[in-house]
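There are two complexes below, and they share subunit A, which is joined by subunit B in the first and by subunit C in the second.
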Partner chain A sequence: MIRFNKWLVPTLYILFLMLPIYGLLSMSFKTTNEILGGFSFFPQEFTLANYKVIFTDPTWYNGYINSIIYVVINTLVSVTVALPAAYAFSRYRFLGDKHLFFWLLTNRMAPPAVFALPFFQLYSAINLFDTHIAVALAHCLFNIPLAVWILEGFMSGVPKELDETAFLDGYSFWRFFIRIFIPTIAAGIGVTMFFCFMYSWVELLLAKTLTSVEAKPIAATMTRTASSSGYELGLLAAAGSLTIVPGAIVIYFVRNYIAKGFALGRV
Partner chain B sequence: MNKTQNNKAWWLVVPVLVLVAFNAFIPLMTVVNYAFQETFGDNVFFWEGTTWFEQVLRSPRFHASLIRQLVFTGMILAIEVPLGIGVALTMPRKGPWVSVCLVLMALPLLIPWNVVGAMWNIFALPEIGLLGYTLNSIGIDYNFTNQPISAWLTTVVMDVWHWTSLIVLLCYAGLSSISDDYYQAAHIDGASRWAIFRYIQLPKMKRVLTIAILLRFMDSFMIYTEPFVLTGGGPGNTTTFLSIDLVKIALGQFDLGPAAAMSLIYFLMVLLICWAFYTIMMRNEEQ
Partner chain C sequence: MARIRFRDVRHAYPPPKGQEPVYALNEINQVWEDGGAYALLGPSGCGKTTLLNIISGLLTPSEGEILFDGKEVTDLPTSARQIAQVFQFPVVYDTMSVFDNLAFPLRNRGMDEKLVQQRVEQIAEMLDLTDNLKKRASGLTADGKQKISLGRGLVRSDVNAILFDEPLTVIDPHLKWQLRSKLKELHQQVGVTMIYVTHDQVEALTFAEKVVVMYEGIVVQVGTPVELFNHPRHTFVGYFIGSPGMNVLPCSIDGGQPVFGKNLLNIESRIKGQLQGKLEVGIRPEFVEFSDDGIPVKIEKVEDLGRYQVLTLTHESEIIKMVMAEDQTVPSENPRIQFDPHHTKIYCDDWVVEEAVNE
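Here is the complex of A and B:
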């Protein structure tokens, strides 16, 4: 009885999570006629036509490529600059450290809607509008503070004796940092990258504001299709289903890191 | 951990500082510029003082969307936090099912926000969506495009669907740092299920739980994309939350002055609440 109860809650919860995703998937395999004709739980005339459109039309598949490019740039930049900063916060006291930390966090709290228009003006002024770099840099606004926050937690879990021993052995700071410290907190870096990837991949408002053609993210391509041809629900569903794939791949690769990383640090 | 005083540590922070300041200061100053001045284009500005602020603070429209926002954030926190803790407590701790649970539960977190909106839109469509069709066929009159209550509930359920997993994952992290010895000791002492939760599990989860609540508060207070795609703020204005209203004023009506003033008020509110929360959290930790 107890065993049964234990399984019940997570199972029901996962079922609840999967239902809308199933709705989207099943719609993506239906023809437009069938969708508008009424509800059916399984696709009656199974079709791959919607996916074919996406994989053959450059305006569609370029959206995915653009999104992945800026997400990867952003994740790498955020984690790289956050590593030394998080080390400083976890190991040293310095002038204004607490204020600086809170100020960093405040940027995580800034509503993107507040920054959309000024961002557009700023990135137009420096000629970066409609580039992948613009979106990657703009997403640093909320991803760097988050990365510093998470990494600082993991680093504080590493005993200080590790640093001291290494310095006594004659390691220079950077050699110690790269050769010893970073491998020690690899799990923490995995978790941080997961969160950076996630927040950059799912954000739309800034990404849409800062791009028009060359770097347009898939999410923006979808909203434009939705508004211009509202009847193509199947195509929209197929595009939506495909946006789940990169996330699923990332989760699959970091799943052990996450379990391990979570056990290690405080996240 | 006892930290050493070392002002040279500033050098390690400089790259972060430069990148974040570039993205934060310049746009913020632009907003401040618009908030205190009137412009007719061509970079000509007239000083307006606090006119826009008074206008926003007095406008019933702002009050209405603020109240909607507060009710929404309160509702989703009240549902997601207990649900998240409950699921985390019942999740398996060892074995192959852990990975399966983690992967499946993390899935909603990695779906772009507009796709979440679109997915729920499709899911809830009265005639052709799985949810809408089911509800209507068991006799519940449901149509989120023209019933305010249905629209509200759909938005809340969508947010619960989208974000409860974050709380589950964080709480699970806290729980998995408890070693088996504690449970064995509790078992020998004959502790009840509630006592184990209250005195072993809850204290271990406290830190991650505060972070989870803080993140959920911030993000739900800024929510824009999902309700915008799902309901477009409607029917009428019933699901127009602060961000949606702000974008309507700034980009729809191009009223830059009031929009900028509203942005600053909005930002300050989030800041104040988070600052209070953060201070309390830090004080508890020092004890």
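Here is the complex of A and C:
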């Protein structure tokens, strides 16, 4: 009885979580008519037509490519900038370090919408509007503080004697930082990249405001599918299912690191 | 190899906002002779680690200079100083194998790979790490990791000095003893300067030729274990070295002779001149004995420690410790004690009064 109970609750919970995802997936294999016709648990006429449209029509697949480009740029920039900053916070005491650390985090407390207009004006002025860089940099405003915070936690877990030993053994600072320190906190970097990736991937408002055609993200494409033939629900479901894929892949790679990150108390 | 010299070195860490800096090291003038085996002994927080970090260049002192063989190195970075240092807790490069960890300092100095191989195997042999050479360093126990740290410190034979900062803290007692004798053996073979920090006097006295005793940021005495035992220059050395530590009792001076309570004490020579400050008389428990006439005491406690007994006595409100051979008996009534005049020392503001020592 007890054994049974132990399994029951998590199983129900997972079913509850999986239900909408299953609904989305099954919808993506149905025709729009079937979806509008009423609810069915399995697709009656199984079709891959929705996916075929997405992989052949450039207005669709470009959305994915655009999203992936700015997300990757953002992740790389955030982590690269955050690494030395987090190192400074974890290793040195300097005037106002605690205040600066806190202030960095408060950036994340403002909703992105607050920054949409200023960014729009700024990027228009310097001709960055509708580029991947524009979105990537805008997301950095949120992701760099987060990255610094997560990385600082991991770095503080590494004793400063490691740094000192490397200097004693003849390494210069940068050689130590790149050859020894970064591999040592690889788990932390994995976790940080995951969070940067996720934020940037799901953020819609800034991404939509700062692009029009060239760098339009997939989520923006999805909100404009009220075509001449009405809502193409099957197509939308397929596009939605595909947006889950990159996240799932990233989670698969960093799952062990994330567990470690939780154990260390940051994240 | 080098003779390391501290000239007027002082160091203060950046103080918390709005506070005056406190000197963690205060006026150190000290020479570490080439090839010496030193123990650096002192209580927690007296500045031992700070001193080592200044030698290795991990810290730059706020004032004063460091010289290696007469050449100033105060601003030289750590990687250029050729110092090996082993910390209290194990530090290993997690991403490397045990072999690569040990080889790391050698390879960084561009040593020929064949020689690296030889040297690493030699050190691994000495530390019982041979079976683990191929394993990843992160997989070892704390003991094993600390052996790697030690090995990395010992692997180079061309360093100016090897600094050990309480390196055996995480090692279990049996192995501790073994490793300590290996370190000593290695010192005799290679003759490189070694400075060994500890706050365990037994460890210090067995390892070192010279013991440097630190207290609140200053070096209070440097000497052989015997010198420290027989002639403590500072009351702290008296307390800290020996077990139980020296008795330090308040006294006054009358006609050049110390007076404790109402008892005139004999010392080797009379004290000349006036002494200003807090006056105390120091006597080791080993040099206190029962006598027919002398200071009347009450016996509070007798502890039998096998080969000898430790007695706790009181005279008025002062506590006096005494060490006695196991076969001696405690007098049954009116016990009185006297102090051996050759080992009775006078301290003024905690520093020994030199006239009393010189014969």
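Note that the second predicted complex is superposed on the first by the 254 of 267 C-alpha atoms of A that agree within 3 Å, B and C clash if a C-alpha of one lies under 4 Å from a C-alpha of the other, contacts with A are read in each partner's own complex, and residues count from 1 in each chain.
By our rule, a contact is a pair of C-beta atoms (placed from the backbone, for glycine too) under 8 Å apart; a residue touches a chain by one contact, two chains touch by 3 or more.
Note that the coordinates shown come from a computational prediction; the quantities given were computed from them, not determined experimentally.
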{"item": "A:T131 touches, of subunit B and subunit C: first, second, both or neither?", "value": "neither"}
{"item": "Partner touching more residues of subunit A, whether subunit B or subunit C", "value": "B"}
{"item": "Touching partner for A:T184 - first (subunit B), second (subunit C), both, neither", "value": "second"}
{"item": "Which of subunit B and subunit C A:T32 touches, first, second, both or neither", "value": "neither"}
{"item": "Which of subunit B and subunit C A:T165 touches, first, second, both or neither", "value": "second"}
{"item": "Partner chain in contact with A:T47 - subunit B first, subunit C second, else both or neither", "value": "neither"}
{"item": "Touching partner for A:R93 - first (subunit B), second (subunit C), both, neither", "value": "both"}
{"item": "Contacts on subunit A seen with subunit B and repeated with subunit C across the two complexes", "value": "93"}
{"item": "Subunit B-touching residues of subunit A, taken from the complex the two chains share", "value": "5-10, 13-14, 16-24, 27, 35-36, 38-39, 41, 77, 81-82, 84-85, 87-95, 97, 100, 102, 104-119, 121-122, 137-138, 140-141, 144-145, 148, 156, 160, 197-198, 201-205, 218-219, 222-223, 226, 233, 236-237, 240, 243-244, 246-248, 250-252, 255-256, 258-259, 261-263, 266-267"}
{"item": "Interfacial residue positions of subunit C with respect to subunit A in the complex", "value": "14, 53, 56-58, 77-79, 83-85, 87, 89, 91, 93-95, 104-105, 108-109, 149, 152"}
{"item": "Interfacial residue positions of subunit B with respect to subunit A in the complex", "value": "1, 3-10, 12-13, 15-17, 19-20, 22-24, 26-28, 30-31, 83, 86-87, 90-92, 98-99, 101-115, 118-120, 122-123, 127-131, 133, 161, 164-165, 168-170, 172-174, 176-177, 207-208, 211, 218, 221-222, 224-225, 229, 242-244, 246-247, 250-251, 256, 259, 263, 266-267, 270-271, 274-275, 278"}
{"item": "Complex contact set, residues of subunit A against subunit C", "value": "93, 159, 161-162, 164-172, 180, 183-184"}
